[in-house]
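In what comes next, chain A is part of two complexes: it sits with chain B in the first one and with chain C in the second one.
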Partner chain A sequence: MSARVRALVGFAAVALILGFAPNMQESLEFPRFYLIFLFTMFFWIAQASSWNILTGYSGYFSFGQGAFYGVGVYTVGVLVVKQGWSFMTALPVAGLLAGLTGLFLGLVVFRVRRLTGEIFALTTLAIAFVLASVARLSPSIDGGTGIFMTGTPLPGFLGEFTTAAYRLTLAITLITVVVAYLIHDSRLGWGLFAIRDDEPVAEGLGVPTFRYKMVALGANALLAGLMGGVWALQLGFVTVDDVFNIRVPLFVILMSVLGGMQHWMGPVIGAVIITTLTDRLNSAGLTDVNQIIIGGMLVVLALAVREGVYVRMRRRWVTTAVSFFGVLGLARLLDLNDSLISDFAYAMVATVVMMLVPDRVWARFGELFGRSHPAEEPIGAEDLTRTGP
Partner chain B sequence: MSILQVTSVGKRFGGVVAVDEISLQVERGEILGLVGPNGSGKSTLINLLSGFYPADKGLVIFDGNDVGELAAHRIAALGIARTFQIPRPFHTMTPRENIAVSYMFGRSPHNLVEARAAAEEWLAFTGLASVADVGVDQLTLHQLKFLELARALATHPTLLLLDEVLAGLNPTEINQSMEMIRRINDRGITLVIVEHVIRAITALSSRIVVLDQGRVVATGEPREVMSDPAVVAAYLGTKRRDAAS
Partner chain C sequence: MELLAQGIVSGILVGGLYALMSIGISLSWGALKIINLAHFSFILLSAYIVYQLTVSFEVDPLLMVLVVAPLFFMLGVLVQMFFHLAKVDEFKSLIVTFGLFIIFQSVMQTIWSADFRRIGPVLNPYETQSFFVAGIAFQLPQLVAFVVALLIAGGMWLTFTRTYFGKAVRAVAQDPEMARAFGIDSRRVAVILSGLSTAFSALAGVFIAIGQTMFPQLAVAWFGIVFPIVILGGLGNSLGTLTAGVIIGVAAGVSSVLWGPLSAPLVTFTILIVALLFRPEGLITKRSIA
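Entry: the complex of A and B
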């Protein structure tokens, strides 16, 4: 079985387990807010992964995530509430419109050779501001009054409202991650990596750079819009200020940088860590210091683990497994906390701390115990850019 | 029929005329040497031919196709590859991956599995097999130049443009590189080489084109061109007339 088939089987298994988790809620007796928690986590995994398809793979630093997400939210809001469409017909339109927004942006910025680096980043940021103003000024979209999004009917086969919304979020997230995975090992992915490293050289070797950047931006925007469309379901009240703010673009950047931008798993890991910690800090009543802690952690990680946590976790997989499952088991045994999420949070923090040890120190540590650990391999591009044979 | 026909191409950057008007042709299977003092338009010409930027005027016909207006990746697909004077490897990739990604694109599309296998051939050909999987930052200049060659060759070009492959190398490395260039030519690949090392270019080239101030000042057999008074004046400087002949 090839690596790709194995991975796709793995994705399918994850889909089945998580998809039927709501049915097992009663028999496993886990609290309902676990589903809400997973719901939030999926949202961020999808947002970060879709962002990474453009920015992580091609190196074009985008702040446009908020715009694409916003187009998704507002498309569903307007079509379902104001036009009376069914949600399931509005959702694809949300993705489509967001995708078109991305392609339009791409047509403008990728046609002008000078629009790279910070100018590109600023241009993508500006798009969100423009769209916010359009939404605010146009009564048929928002008009400054906001949109109430309660009790949107969802297809019955998906279960009652929360369960259905959970499953839709899961579905979009899985699609996003699978797309990011498939691109990572394809010609498209490698073309994008080449663009990231040296775009003129890539073009000269035969990479159709303009087309590839358009595809990456289009995929990024479409997936972000789809997720935005589903997320509208749980927003309740959609306002311009809540939707088109800096939160989404900022958090996807934080998550991807933390996890690592060169591999499809990086944003996934980053999103899992940040959403778990945020959730725990909030439930511990530390909402105010939450951003200080997360921000501080990011600064430390960005300086100490520049390649991203995921790359190091793979190189030190033994340590990762031992510290994660060790701490998780210990926390369960000691019954530190009645919440499983807290135990996961402890395990994650322990694992991340283990990744902070610099490679050089790590190698010494290994010698001390007279063993050669995979951790001692130099940081090669192999670790950064590929999976499988 | 010649593989490349360049007719009256010109390129200016603002007020600076980089290539005034150049016409030349490259015969199939030959090694054409391109020489001239700094600023004579050699590198600009390489950039025009490989599509890095479009020419302001003139016509470039490659293998019967007008490539003057084409994007660089389309020109690569037709069979022109180039190297850079200062090596520009993909720095997050290993040498093997650098070559593989080039093979995946180039003249015909290939998938990752095929590309990894094909990279083997070019690693062996350029003698880089021992450093195939290290970071490119660990390579010497000599190895980086060979990686440039390997990456260009992996696109399966019929015409290869080499921009100062020998610059910065020591005499032993220059000899190795000259040997490499001959072996590339033996595979039936036509070469245009831009070079400052006169010893190498006279030994390698079947013909030499001398540029000065964006124009062709002489064309012909290496020996006879290098003793042409116009060339000596333009390229080697009038004071060294005796030494050149």
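Entry: the complex of A and C
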């Protein structure tokens, strides 16, 4: 219990520091760009974490993230711009509608016991296109013309527009991560892990599989919709093609696969690394190559590090710390680049590369340095949760 | 009424093309346990290659079948060898082939840009040709695609039921280990089948190139049509896939006539949902390939 309290205090501290970062901007003199960068990072942390609640914990692979996100974006767009609601009343509705979309999907797919996870995956893939066509068809939603989202009034106590949007994003992100954390160490979480390892066995042991899967899917969709709703604020111009495309599912899958899908920290780490890297690649003008690199990373990571880098980072924490802070310090000292984000990107790449070394090769290295039992290191989350045959 | 009849006929014909696009994915999923999302890029890549060869060398686009089919057979063989080497299972295949799909997409976007591409009417005499029966138009490219789909679906069905190779494929689909124990070279069977299914996707690409305007995002738009067909038809069941393609094609055609072309994805998805609720093992037959 005390571990949980400590973690929650930690979350609160992070919330306070990041929440007041805009106030400290002038005294600390960091560029305003950093706030926008963090803003993007929060969005992806929230999306990846909410996706992981369903897919990482229960093993049901979902491509539906874009659909839930899109429902959130469009609900806020339609209610605020076309119906004249205030943003703070539209946001909960966005989450609710996205959650209902998820539950409807679950009701159809999870009802039939013989359906495999693969069919679930493909159904979630199809739903984004259906929602896109609904939005295109119906003039009261989009009608093919798009929605202009500029100058939405936000509550004054949050600060001026950018700061307020930043804080709202931060709030939703923290809620998502805390929910993912709480589920991870709860009865629900253990039930979901059991479903992932072997659903028939879990069912036989008394795990209410249908209910747990519905809760996980509902939570995933609701949180994704809320984040979509906040994200609508900074989209400016909302169009069907920009919202319901393959980008959101692609990136959340990549981030979670990179970070690791077994643990709540995995998607957070993955999102931090990927947003930093894509930001650097984009600012280096490599937007075209970007997608190829992303796709290649997905293939390599899915095959090379099954458990994700987070579990390996914990196992090889000395190497992680040395390579991350070593490279970061070196980059700062050498003054390679005036941007702090670039230095972080170098450090992250170095760390990830170190984590890509397979366990077998790693054990050899350990022997070289006189450690004969590298297997005695802390057991990864994957091993702790494995119950099936 | 005539419009409706036209919608049904076009739906049946375009259903053939849909089936042709789906057969490769269905075979690969049903027999090899690999959900190959990269097939969507194979279809589009083949279409782009046909477009490029036709425009560059001013040849008949239909003749390009002779180029693309062997080319993509080899590609399918290579892809399957890679999957074997990397020990890709059903679940991992989703992530890995999604990554491949993204790579292929951006490569195509880099080469052919995001512009709309179309083989001009001079080089592509097939596009506008059609003949009329009782006032209903049969467009030639769609008709040819339908016939090809019929031949492939029937051919695969005969192969699976009548030949030694077909028996081997079914054995591998049921239990690769056991098949190996009975002396079937399951790797070779898998490699050949992967080559075949990729070649079928390439054939679909030829008809896309002849009949449609191409742009990179097209591949993404196919997800919503192809997956309902694959699931409805039963995994690995080629005749089922053809029937499902025709059903989806007719549904899309009729709904386009009644409610406009944008309503088609909604109707096909509704069919999928209803089918999943009542006949989750596939609409057409209880048996998939295994």
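Just so it is clear, the second predicted complex is superposed on the first by the 369 of 389 C-alpha atoms of A that agree within 3 Å, B and C clash if a C-alpha of one lies under 4 Å from a C-alpha of the other, contacts with A are read in each partner's own complex, and residues count from 1 in each chain.
Just so we're on the same page, contacts are C-beta pairs under 8 Å (C-beta built on N, C-alpha and C of every residue); 3 or more make two chains touch, one makes a residue touch a chain.
Nothing here was measured: the structure is a model prediction, and the numbers come from that model.
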Partner chain in contact with A:Ile294 - chain B first, chain C second, else both or neither: second
Partner chain(s) touched by A:Val257 [first = chain B, second = chain C, both, neither]: second
Touched partner set for A:Asp185, first chain B, second chain C, both or neither: first
Touched partner set for A:Leu122, first chain B, second chain C, both or neither: second
First, second, both or neither for A:Phe193, with chain B first and chain C second: first
Chain B versus chain C as contact partner of A:Val318, first or second or both or neither: neither
First (chain B), second (chain C), both or neither touched by A:Ala13: neither
Touching partner for A:Glu203 - first (chain B), second (chain C), both, neither: first
Chain A: partner with more touched residues, chain B or chain C: C
Touching both chain C and chain B, counted on chain A across the two superposed complexes: none
Interfacial residue positions of chain A with respect to chain B in the complex: 185-187, 190-191, 193-194, 196-198, 200-210, 262, 378-382, 384-386, 389
Of chain C, residues touching chain A in the complex: 29, 35, 86, 88, 90-92, 94-96, 98-103, 105-107, 109-110, 217, 220-221, 223-224, 227-228, 230-231, 260, 262-266, 269, 272-273, 276-277, 280-281
Residues of chain A touching chain C in the complex: 59, 61, 108-109, 111-112, 114-115, 117-119, 121-123, 125-127, 129-130, 132-134, 136-137, 241, 245-246, 250, 253, 257, 288, 291-292, 294-299, 302-303
Chain A-touching residues of chain B, taken from the complex the two chains share: 50-52, 71-73, 76-77, 81-82, 84, 88-94, 97, 100-102, 104-107, 109-113, 133-136, 151-152, 155
